[in-house]
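A quick write-up on the structure given underneath.
Which chain is which? They are A, B and C, in the order written, and residues in each are numbered from 1.
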């Protein structure tokens, strides 16, 4: 069980909150690359309104609130030179958030030079846009294993959850639920695995053991899960980031890498991605049923944890430790062995 | 008028509240029998999430929250032996709420034996499922008059109200509103009755007198109304229970009994039920207009009560007395004379 | 910037609030004349529920809550003699809000004589229904300039805003936003005007200067804007009232007068009104984008005001002064020079 005050700290990730500060000390995915074009796109990430747009090779990410009178910048205009112009009085910001024009102010005004909006660095990896929304200089981006590989097929997707992000998070260091939550994964429902768990520097390493078959799950704090999915063929490495939208919505971004030593496997991987989406959808629907069914924000004060929840217990403790010391050596730098 | 604090106590009926405890000390209808099948049905009654299912001759009624991690049991599975299995980690409960399996826990675990969810006794009467959600041993079920009769036609229905239950309740010891609220009941709108009211052990007995015609209304505390409806022929005894869903929704369950001394009247009663539903619907719509129009939760601090509200005044006083002494000799045991 | 407490006082206009009392000390439009017929029409104005109906030459405007048990009067019946009967127990009110019948009360009852509901005086002007909802005797209605003219075409419309009224209000003493908010007004977007502002007895006089062309804007406290629109031909005088519905919705009532010295101009004015509605709609949509985009209730604590916001600053100061001394000589009596 968890008292409601402790829980409250975990479930809200706005600017300045303990969980929000902790999550912001890591690079986080915020959008699919293909969703961000030249125009202005509104995003909400960790209770912050943002506007994103493509600027040549870069994705720009700014705060969405005009500091003049509070209009939403995504309603404005994209100008040449990657500038954004507010639709209310024309205040204009460059790609780094500096106010560069206030056309309704007199020429001698020095106000523009003193006005900035938040601007966040971005990078793209295999179809995901990442950003760093924390304080200070961004830490190095932790390139995941397989990120550089060209001998295979890379894919990504995103799912919106109508519940608090922390219950999505808790579903990850939890290899036992598969047998009950996922009837669509017939193979797995045949048996409850033996479950070994090991706390590591980067987070949690779990082994779900069914006879000779061992399935490894790597949970990297604060919010990244790596598994190798042998549920369909060819086997695919799946990395999942769980990101809060606001207190009652979350996103999961997934990056799939299928090694393909030859054209036959590569073709098979492409076909699987196109033809088997309904199976991925079914798994997600099953997860949504239980996680959203826990309530918009789950009430953890009524729960009874058991042996199967060892991963959840470790996650909560380590996440709380992370909130207390959010600026320690960033865990993302850790190499995840797979 | 009624100050807002007093009113607040009347309008919320969750577990542990004065009104909730009082209402829970009586058997209450929670569903139509025909709505509950073998599968898992979610209900909300008096701010409690419940799951109901049919188990041979019995209807089972359990709390809907899995005590493990808070998943909703109605998303789970019905297993053999009237067991319910949670869709998250397979915790399984028998028909009495005892946890009988935790397949993700090690064999030596004793946790299951110590875990129970709320389980409520049920009984069915002429198409209504009743339960007792109070503390201690259930009181005897007060079989209403006519309950045993086979010389007639029994019917039931349920209506959902988009407002607080207490304003539905107050509409009952109020025989005067008919003349103004129900233009569809043409006969009644011709005249305002003379209105006699008598406080009784079980609650309130009202007489609406129009010349030689006297219409009796029996209100049994805390929430049951009995009338004989001569609005359509053949005359029909109607018993209504008003049950809170949550603070802003309520249900009325109605049981109709039409005595039918011969096959002609029986046929007529069957036809009336099938062909005259639109007239019942019209009456309900007229009632919804005024009761929901009082506001989601009516503000009683602005009202001006008159002679016609004697029933409402008695209801409130007796309901408040009932809340203060909720475990006194249960009023349901009283025989209602009709 | 504006701290949140000060802002809170400006944005809520219910009965008894400083802003609500101030606005109520002026005649306000509440409906289009053509929207009010013989039947009962529900309105919400400044957080008050009202019922309006036509009674011969007059529009009647009463509080919508029956003081008996709180039913909504608009669900009731219009009776002969301009009376309104509640649908619950038949309490009946005359056109001035006096309770004249309580048919469920005994004949000797004197309760009716002591019961009144709010009743507000009304008058109509060129298709708008105005009322005075303040305390005491209504001030004289300030007949706007051009009100008496018959040498032209009068029109009116109303728009509902899904945001707080005060951000609609702030958009008015703000002639600069046109260049950026209204691409549909091509002529205007060509240049940012020079902007002169003058505080006056009645409020604010602004001049937007583009070369030889000077556009005058007259803002009359607390909530009336007068401009002459030369955006389309023939030139049209537009008077706008901004009226709160509740904290998150507002109405703007507009009265358009196009002087027409001959039948050719008159015909042109009629055709323009009928054929160019899509251009008015476009302007409104552009305004809605920025004003609703500021948030349901804008957060003014984050803003950075500049030279272009002089009108907004004066509006806020004068509105706050008006709230502090709401019953001073009513500013509506001032003659607006145009």
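Here, a residue touches a chain if its C-beta (ideal position, glycine included) is under 8 Å from a C-beta of that chain, and two chains touch if they have at least 3 such contacts.
This structure is a prediction, so every number in the text was calculated from the model and none was measured.
Taking only C-alpha atoms, you rotate chain B by 120 degrees to land it on chain C; that is to the nearest 5. Different-residue interface: chain A and chain B share under half of the residue numbers found at their contact.
Each chain gets one centre point, the mean of its Cα atoms, and the points for chain A and chain B are 47 Å apart.
The residues of chain C never reach two or more other chains; the list is empty. Within the complex formed with chain B, the residues of chain A that make contact are 170, 176-177, 179-181, 192, 195, 286, 289-290, 293-295, 298-300, 302-309, 312.
By the touch rule above, chain C contacts chain B in their complex via residues 65, 67-72, 75, 85-90, 102-106, 109, 111, 115.
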